[in-house]
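One chain, chain A, links the two complexes that follow: it is found with chain B in the first and with chain C in the second.
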Partner chain A sequence: MTAISPPRAPSTPPPPPPPPRRRGWNSTGLTRLRREGAIAPIAAFAVFFVVYVIINPELLTRFQLQTASNLVVPLALVALGQLVVVLVGGIDISIGAVMSLCNVVFATQLLTLPVPVAILLAVLVGLGCGLFNGFLVAYAGLPAIAVTLASAFIFGSLAREVLDRPGGGVTKEIYLATSGELLPFVPVALVWLAVIAVGLWLLLQRTALGRHIYGVGSNMESVRAAGINARLTKLLAFGLAGVLTSFGAMMLASSTVTGDPRSGDPYLLSSIAAVALAGAAFTGGRGSIIGTILAACTLGLIGNLLFFAGVNSYWQYVISALIIVAVVGLPVVWRRVAFRVKGIRS
Partner chain B sequence: MTTVAPPSSPSPSSSSSPSPDAGTSTTGAVGRPSFGSILGRVPRAVWPLVAFLVLFAIGGLIRPNLVTVESLIGTATFAIILAIASFGQTIAVIQAGIDLSVPNTIGLSALAFLALVGPLGPLGAFVAALAAGAVIGFFNGAVIAKLGLTPIVTTIAMNGLLFGVILLAFNFSELTVTPDFVIAITSAKLSVLGISMPAVLPLGLALMVVLQLVLSFTGWGRSLFVVGAAAETARLAGLPVDRIRITGYMLSGALAAFAGIVIVGYYQQASATMGASYLLSSVAAVVVGGASIFGGRGSVVGTVGGALVLAQVATLVTVLNLGSNIQQLIYGAIILVVISLYGRRRAA
Partner chain C sequence: MSTPTPAPPIATGASTASASAPQTAPPDARPAAPPADALLVATDLVKSYGPVKAVQGVTFHCNPGEVLALVGENGAGKSTVAKMLAGAVTPTSGTIIVGGEPLASGSVKQSRLSGVRCAFQELALVPDWTVAENLSLPDGAPLRGFSQKKSVAAASALLSAFDLPHIDPRAAVGTLSLADRQLVEIARALAGKPRLLILDEASSALTPPGVQWLFTRIRELTAAGGSVIYVSHRLGEIAEIADRGTVLRDGQVAGEFVRGGWTDDELISLMAGREAERFFPDPPERTTDAVALSVTELRSEGLDGVSLSLGAGEILGIGGLQGHGQAELLRALFGAAPAVADEWTIAGRRIKGTTPVRSVRHGLGYVPEDRKREGLALEMSVGENLLAPWLKAYQLGGRPRLAMERGWIDGILSALSVRTRGSNELAGSLSGGNQQKLVFGRWMDRSRTVILLHDPTRGIDVRAKQELYGAIVDLAKQGVGILWFSTEVEELVHVCHRVVVLYQGKVADELTGGRLTADAIVGAAVGSTGSISLTTDEEDLR
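What follows is the complex of A and B.
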């Protein structure tokens, strides 16, 4: 029951992804963010962003803004996919393999088919993978972690069956359409991310399905008692996650101008890390879109920051881990200390 | 409630004997309901071993020249290395956790071992590498038990941290010589009962027996299962749940570190990403071995069985020249079959 806040939301739609500018910030929006655990990741991103700009003011030049957003957007999209699965209380170990599969399907189909058809095919493949997982989890009642472990092997092998080495037919035009610049200082990738994020936000916060997704994660039994089809909701959540992952895969294929059957592998661990950093509850029902996007931005840009700071960029792995443990762990320690203090006072 | 592999397990190589023993000699053919209950009473660890034998027989039917002692030893060697890498994972899964830091614990311990052989000597380096694994496990366990972070998130973060440490701390060009000591305990050929096999095979089986005895017969081992099955109940019953969790992850880390040393000894090469393939396959071996991903159930004998099944599939795929993609596809299918079988049984 955590995140079902009333639809009387701030006048401006709260999560416009890139910079957290929120003029119509009223207490409802703040409460929602707090309930969704998004305060810590947003604060972490704000600190990170300020440090980044101080160390490397060049970020705000056109070229670097574009490179940075191309680096971050695929991770952000995949992390959103992972978030939707986590919201219904699952976890998706196969998300990297789904990403690889959509990536190579997109890249190879571009060789022969027109672009919209290739996009449609990639999205359908993502949807199919998601529904496959979702069906086994929701209707066969199998544990999500085990199902997606199995499908990680299956989808990964399918990806290498479609294309066994990097290649494919991604063209310059597609690169420009996804990863170039729309206007000066406005990378197209960020625009796509914003469109998808706002669409996802509307879906999760403004439709029955979205509220059901949050509800199934918070309290499966109550939702079922209320007559909501919990299984169908879970199935659709997995399908939605597959679609989001396919968007991430296409952005990655376009920004790297290749299809690669192993390109999704690193995103398995980093998507889970981003969702964890976003303060989502892995038991389900709690997690915010804006928090996830900003967490993905933080994790994705640490390597760049260290590079510009002149530090060995291998430190990024250590620092990312410490940020995750700190941001996720500190509230726990804080609550425990506060509890003790209260106990002493009374 | 949790039926774990009973004491009968220490002779896994003669695995054909326990299943007819449990299936026929107790009650014989009484009727269908009791047959089902007898099947249910067979320890889970037996099934992967049976599956392995079936696969071995299928291999024999397809290619009769596969049924040789050398072929069996080859498959078993591949399996035991995977099993050693999965023992730590088994311990983590039994206590309702998961250890996704296995890959880079393997890498770190292998590289640390090679780097420390010079200053500390082989035995000192061996102990230091194991201790490093235990320390990694301690931090995993402490964060999970004391801070209450999810095991998945904690161990993913640890995996990333270790990758950074590996890249920062080691000079790879210097770490090419594998000391004789590890070769002697891994890839050197031994003659056991007149059969020549790599030393890692008896080593891994001995480790399996020791671990299974610890899990089945020590208080700590039993309480690990209780913590995995019902942590809150265990807490109410007065078990030191946090301490059991932390020591469980320490053992898990130390076992992964041991796996790193074994792998570097057997393949005689080490790299930063040497453990990457064990991320999913270690969990796969544990799941195929009959452990419950929710905890409270599992055995290292089962894990060895699971690894044998996966290794035999790899052998068959190689013999039939199907390519590694098909092998991965079959791995996925096997995991699906295993979890759907056990899921149904749990519901009944």
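What follows is the complex of A and C.
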């Protein structure tokens, strides 16, 4: 700092790298994962996977791997959609209905239209549903839970209007392209999930829009005061969620080889549960993609595990509940204990 | 390390403001016509929120290369004016002209594009973003690549260019200290090389070296032709940095001043508008040595071993800059935040820890920081809000209960002269000062041993303040121990028996008798051992 000089351009010698803070502070992706609450769900999945393989080593056969992925991938995609809405501080009650609607649109359009057009239509329907919710939430200022609850009824009725009983024109080729095997031991569904997840990760972590989405959830007022269009960000987040949901719907229609206007209903609570299990903050601003995917895998496979363990499948909900409470509760308990220990030590 | 030699604090005329003719007018001169090359001309700005007029017809201008101070008391409308300039608030009427063109109002982005940047007191950083993200994200279109690496590199270049190498660009802003957050906020505003920089109480958490850092940046900016609007109520800083100033009172321009043409007293009476402002009651004589509350080595989040004891009938002030543990201390003592202490007694009874429910039972009362969020149920009636701590789940509520307690409620309302239409009016429809009286009044005449006050006079008008002072002194006369955190040093100096100053979660100093002066409190608050004067120039601040 010297005497009066015009503000220096950053042509000054490059700054020395800041001194390493304690414990690799902020320096790794691990810190980001921890900040986004993903450590607990990742650990939970690891434990769950080991237990699963011990109880049922058959999982690692080609057939079971394929059916298991077909089971969890739609849930994982819908959970990612839910995650994006939760990141901006909302919640999407209509996500199951949007899924049903996209599912039947996809299945029925396959009867008459070429496959790419049917896909495009389904994605557009998902986008439209998301933007409808997003507009009411972001620009009309209505609470997300009320808006999406209302639109859930609308989208659900539309789905039944499009197709009132399971059916549609999903063909074997489509099944193979989405739910078959790419290579031995590599189910296609997992590949699609990976592609979409990486794309979403790039969008959320490597574009300004993605960071805005996190920022809007973290502190809407700050983001606005910084001159960012917070409403548009919210609207786009809802639209993005709709698109992700439509992907999940198409994966579901393909793997079951039918369109079904009720197929999305169970995914509403499961998607919220997966986001909760992923350690995301329901006030917004915090949540990780990998955590959500692994949480969805855990929740999606509990039913299978209990089947193989010979437990009545009604228990699957109780077990899911216990896992959620344990994974979400452990960090809270941990913080309390750490605080006590610190107090005793000092 | 040498800083540019500042113009002496009391100089004649406006030294760097080339355009403004040397004015010798007294501080209460009416606004002069703006010169033709003024960078900013604000004319008749009005902002009303429903029936409340926050700003009513403010006119001022700012010349290129000039530092214009905007001063006034809390609630005078300074922040609203600053936000209107920054585009965060749309004026109800009035015009803002920047560099000859009208400012597109109501959009922060538009203001930024016209070269107006604002550093808000605490508003505009996203806590979950890293420093680098906060510095780089607000610029540019949303659909564009974002690289953590590049933004970190850009941020560290920027931070080192601004002489802030101690801030880690990869740290989440939420983990930084309040002072560092303000530095980041200022750096972000400076990064755009603005034509007009608005600093809205931007120095409120800065230490003296931090303030000097800020002044160096301001001088760099003005030397390059930029202008600065410096919103503050710290007269010492204004004496040093401001070329001209505009005083706001009750949303109107109360007067203007130029560098050197004013004294502290003139400015204060201009800001306050009446001599009565300076009236503080004396603390009452103490009649007993009984101890109402004592803790040793109280530890909690943000508190690093605080020991203090409060006598019955004593008014003990808590001083210090924001974020040094005052809020945490009160919350911990009331049990609103977990805390442990080696020894902890209330009215002689030893306790191990406490919760709000137990605290009320032990005889504590608490007036929290944010009356709207923590203090009141705004959708409930005045009477129910007064009764809030005394309602048990199994007791009567609603109108029957209000009728039973009529005597007490009316007593409190008239003792504090709460201006309300009656005990059934909604608390939310009262003015700020009257709401504050409710939060305070619920503890009166309820045989309390200790009352914890978190800045109860913040943002309320002068009359309400004096009524609260009177009530506080009356409570102390009745033998209640008062623990009073205030951000207004004058209150601590005049109304308290004793003042404890916190610095970084510890007791920095305890001041009584002759040592209890404003300078001593401020000195201890910034961590210096001796007493310093805020109104002198920078040699003393080292």
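Following the convention adopted for this analysis, the second predicted complex is superposed on the first by the 316 of 346 C-alpha atoms of A that agree within 3 Å, B and C clash if a C-alpha of one lies under 4 Å from a C-alpha of the other, contacts with A are read in each partner's own complex, and residues count from 1 in each chain.
Criterion: contacts are C-beta pairs under 8 Å (C-beta built on N, C-alpha and C of every residue); 3 or more make two chains touch, one makes a residue touch a chain.
This one's a predicted model, so the numbers in the text were calculated from it and none came from an experiment.
Novice: What is the contact status of A:Phe282 with respect to chain B (first) and chain C (second): first, second, both, or neither?
Specialist: So A:Phe282 only meets chain B here.
Novice: Identify the partner contact of A:Leu322: answer first if only chain B is touched, second if only chain C is, both if each is, neither if none is.
Specialist: First partner only, chain B.
Novice: Taking the superposition as given, does A:Val333 touch the first partner, chain B, the second, chain C, both, or neither?
Specialist: Touch partner of A:Val333: chain B, not chain C.
Novice: Please work out whether A:Thr112 is in contact with chain B alone, chain C alone, both, or neither, and reply first, second, both or neither.
Specialist: A:Thr112: touches no partner chain.
Novice: Mind pulling up the chain A residues that touch chain B in the complex?
Specialist: So the residues of chain A in touch with chain B come to 91, 93, 136, 140-143, 145-147, 149-154, 156-158, 160-161, 164, 269, 272-273, 276, 282, 312, 314-322, 324-325, 328-329, 332-333.
Novice: Hey, which residues of chain C end up touching chain A in the complex?
Specialist: Against chain A, the touching part of chain C is residues 1-4, 86-88, 107-109, 111-112, 120, 123-130, 133-134, 137-138, 140-148, 154, 156-161, 163, 165, 168-172, 190, 193, 216-217, 219-221, 223-224, 299, 305, 338, 340.
Novice: In the complex formed with chain C, which residues of chain A make contact?
Specialist: So the residues of chain A touching chain C come out as 1-10, 12, 14-18, 21, 25-27, 35, 205-212, 214-215, 217-219, 221-229, 232-233, 236, 285-286, 339, 343, 346.
Novice: Any idea which chain B residues touch chain A in the complex?
Specialist: Residues in contact with chain A: 98, 100, 143, 147-150, 152-154, 156-161, 163-165, 167-168, 280, 283-284, 287, 293-294, 325-329, 331-333, 335-336, 339-340, 343, 347.
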